[in-house]
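Listed below are the structures to be examined.
Both complexes shown next keep chain A, but they swap its partner, so chain B is in the first and chain C is in the second.
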Partner chain A sequence: MIGALFLYPLGYSLATAFTDPGSGFLSLVHFEKAYELYSTDIAFTLFIVIVSTLLTALISIIIAGILTLSETPWLVTALRNLYRWPLFIPFIVAAQCMRTFLAKNGLMNNSLVGLGLMEPLQATSFLDWRGIIITFVWKQVPFVTLMLAGAMASIDRATIEAGRNLGASRLRVLIELVLPQVAQTLLVGLVLSFVTMLSVLSVPMMVAGSQPTMLTVDMAFRINSYGDYGTANALGVISYLIAGTVAWIYLRHNMKREAQA
Partner chain B sequence: MDGTVLPAIDVDHLQVSYGSQQVLHGVSLSIASGEFVAILGSSGCGKTTLLRTIAGFQKASGGSIRLSGRDVVNVPPEKRGMAMMFQSYALWPHMTVLGNVGYGLRLRGVPREEIRARVASVLKMLNLSGLENRKVTALSGGQRQRVALGRALAIEPQILLLDEPLSNLDAKVRIQLRSEIKSLQNQLGFTALHVTHDREEAMTMADRIVVMEAGRIAQVGTPKEVYDQPASPFVASFMGAENTISLDVTPAGSGVQIRADDGSMASCIDSVPIGAVTAYFRDDVASLEDPAARIDGSIILPGRITQRTYPGGYYRYVVAIGDRHFSVTDDRYHELDRPVGLRLPVASLHLFPTEQTKGGLHA
Partner chain C sequence: MTAPMWSSPTRVNALPTLSPGQAPSVLRLRSWSLGSTILKIIGLAIFAFLLFGPLANLVLWSVAERWYTPYKLPVTYGMRYWETVFRPTGDAMASLLTSVSIACLTVMVALVVSVPAGYALARLKLPWRTALMILFLLPQAFPSVAIYINVARVFYGLGLTGTITGVVLVHAAHGLVYSVWIAAAAFAAVDKDLELAARNIGASPLRTFFTITLPLASPGIMASAIFVFLESLDEFTGTFFVGVPQVTTLPLLLYNASMGGNYQIASITALILLVPSVLFMLVIERFLKADVLSKVGQ
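This part shows the complex of A and B:
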């Protein structure tokens, strides 16, 4: 089953990516074409996914840190009740919401104007790279926070108290004592988020314009408009290499930890 | 300044609640600088809550906590300037021994070289020299708790709080660490507040013992006072006087006469409560005699030996008297089922009016 449903299509795509359609021989012609047409999009994709991953990490750490260390019960309750919601919203619905929220005359700008924080003339659309990043972060923060807050809740509470007892502020406790103990979980969450964001089609397609755009949109375009499976597969291999690099970093880190333990 | 020495820790009418459940009902306690005080009590009596409230991890709902005169009730734990040892050691697994012990110094901005030097001297004091770069996860339980002690002592605290730090260790290491902590306290002169449910640990380490019962202090005194003159049935039973017997005390001449249900009696001139009393006694104050013996100042109750064990150094017997069973230690060997007289020296009994003991909590 695995062979038929997974390995065969994957192998076939890989083979197509490396085959010259004219001669049928092994060739990098599709990769040359992909690079020629889409090198900007490859860089754009990397930029979007890396920035989104870093922002996701930062916000998740803040939320999980508040959930673990805050002494303000109402803040903890509010955050705990709110932060998971985006988990249950599909990417395409999130993208749709963001279109109405981030547009020039969208809810965000209207609210800012309404609050007197911005002049109507200053309003600009966020429906570009910023929109993609905001949507990705909005969608992935709950996932990473869920893992991170769970890991933080399961560490020995006394290790937190020991730090505060010796004079560490809550911020220092979070950065120096809590985060290192849950780094592994954070890394897993971020790797999974990175790969997810790399493979989402709906968000870049709906939220941002066509130039530059992400590799998923380019692949769909090559197939739907030109039936050009060769270039699409070459782009797929590039995506896979990017994801593979991240997975390799994760595995290497894992092995290092195991060797130390 | 009026020249009087302020107590290192002064807790005044401290109240703590978890939600609607009140855990500490107005606890007052004063601890002098350099004193070693043990808080002793059974599970759920509020002893750990008291310690955690002093450390700042639990909010007080009333009362005050003053450290050398400074009220700290609303001060966060990191600004109270105490050190603490935890039952779970609470070492940071991602750090080395040096990282753990030196963390408090790093927080205080001590230069790296000085941290190394000070950590080395702390480790030397604790017989852990050379382990600076060892991961704490690679240490034994005893070594880990020594590192935790070193971490607490590295900042040279005025006050050390100990939250059952020895209860996870095996018996031998526990006894060794007890005396190490005690001698370090003598040497360095810090004030120590030690929470434990282990009576022997409290007795051997502390200058004063605080026995807590259901969120209140039941008795404060030196180990000897608390052991020999328990203030309540709870304290008596917590300090090991777990045998109880009903007696009747009547005035007789210049003293009193104490009579058991079966008619055996003894007289006594100590001041004891009059009327129906319950006597509490430890198994080592009672002894086994001939059932017909008459000994001044002692009640002899005839009974039968039903069980004999040898814990080492002496025998422990269970003696049945009527439908009651008493535990007694005796150096001599006696056959099972033998009729014996359970000798209770009146002076060693803790007598409390029966009314007071009714519905009381026993350890």
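This part shows the complex of A and C:
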């Protein structure tokens, strides 16, 4: 079933991407067209996904770090009950939320104006690349944090206590003692997030309508407006390559670790 | 003097002379810890605002009958759009029914494949075990849009686009990733000695499986079924390419309403989709025990 529903379409997409529609021979004509029309969008997609992944990593490390190392019980309890909410919220619902929340007259700007932190004239719409990044981070942080906090909870408390007793600050304990022990989990979470963000169609379509946009929207546009499977599949192959590069980095890191062990 | 000692200004002024060096440091420590508590509360409040703000905006839109600039809150509130959505003849009820039936069928298809596959991966010595596990993971590791456009093209040739069958197949292929991995982990967490004991007192392999292994693994399998159900309910991209124009699930309705500028209908649909997701988030730990979670992916 996986073969029929995944491998066959994958082969089909590769075949379409590399064939010249006129002669039926192997050619790169679709890639030339894809590059000509969408090189900005390729760079835009890479930028969005990389920035979102890095921000997700940073915020997840902070939250998981507080959950593991904080000495304020009420803070830990509150945070533990809060951070997971977006975990299973579908991307399309997140996109609809952000579409209203981040708009020029959305709740975010209105609250800031209401609190007197911002002049009404300063309000701008965040519904562009920033909106996409905010939605992705909002949606992916709970997932990475869940994995990371789980991994941090299972490491040996004695190492943390020893570090604290020797006078290391909590930040130093987090960076030098805890993070190296959970790096593997963090990497898995980030790789999965990266590929997920690369394949989401609804968020870029709903949060930021105009140009430049992400590759997924371009693919849908080529199909629905022109029936142009060649260029769409060429763009698809480019997104496989991006995902493949990340997977390769992960595998190489894994092998290095196994060689050391 | 009726006021308590500590509130009188003379006492504060007298502090340094009374116990030089000691009291100020206690004071500083206390104000520092007060400051850090306030900082923590502010940080938590900002975090909660960023977390729930978007959801609050969604709820506001769902009960706003009229809301336009420059008003910061809806001008008139009302449940008119809820009635529109829940009218038995409305689009939304039809979509909800379509979505739920697709999700149920998807769960059935996924379970039929994942229970035997999970058991085989966990218990039998398969020569290509790692390769098989990776094969089930592959659809997750590839950007799915590019796959779906080609699935849609292949299905078009088979007459499956715009049919429930086509959508169920796409959802099941996507859901199998989770269900096979979780089922394999759930079977791996079952104590082998219990199976051996059953076999020793004369149970057949099949009976052992149905009376010992399957019941013990059932919480994990339930979790995988819920997971597949939710994934199917929330799935947008695959349905967008394979299901149009005949099959309209809730996410597609939400998308069409939102792009058409009908934020009330879109928000109500989003809230309907939100309920099962949040419920699952709250109960997941009951189904997925740590011993199963630790075996995922091994």
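In this text, the second predicted complex is superposed on the first by the 261 of 261 C-alpha atoms of A that agree within 3 Å, B and C clash if a C-alpha of one lies under 4 Å from a C-alpha of the other, contacts with A are read in each partner's own complex, and residues count from 1 in each chain.
The working rule: a contact is a pair of C-beta atoms (placed from the backbone, for glycine too) under 8 Å apart; a residue touches a chain by one contact, two chains touch by 3 or more.
Nothing here was measured: the structure is a model prediction, and the numbers come from that model.
By the touch criterion defined above, A:V195 reaches chain C but does not reach chain B. Contact comparison for chain A: of chain B and chain C, C touches the greater number of residues.
By the touch criterion defined above, A:Y226 reaches neither chain B nor chain C. With both structures placed on the common chain, the touch criterion links A:Y83 to chain C but leaves chain B unconnected.
Once the two complexes are laid over each other on the shared chain, residue contacts for A:W248 go to neither chain B nor chain C. Under the contact criterion defined above, no residue of chain A touches both chain B in one complex and chain C in the other. Note for the complex: chain A touches chain B at residues 156, 158-159, 161-169, 172, 176-177, 180-181, 183, 260-261. Across the interface of their complex, chain A is touched by residues 37, 40, 44, 47-58, 60-61, 69-70, 72-73, 113, 135-136, 138-154, 169-170, 172-173, 176, 230, 233-234, 236-237, 240-241, 251, 254-255, 258-259, 263, 266-267, 270, 273-274, 277-278, 280-281, 293 of chain C.
The touching residues of chain B, when paired with chain A in their complex, are 55-57, 76-84, 86-95, 103-104, 107-108, 135, 137, 148, 151-152, 155, 161. Residues of chain A touching chain C in their complex: 1-2, 5-10, 12-13, 16, 72, 75, 78-79, 82-94, 96-102, 105-108, 110-111, 113-114, 120, 138, 150, 192, 195, 198-202, 205-206, 215-216, 219-220, 223, 229, 232-233, 235-237, 239-240, 242-243, 247.
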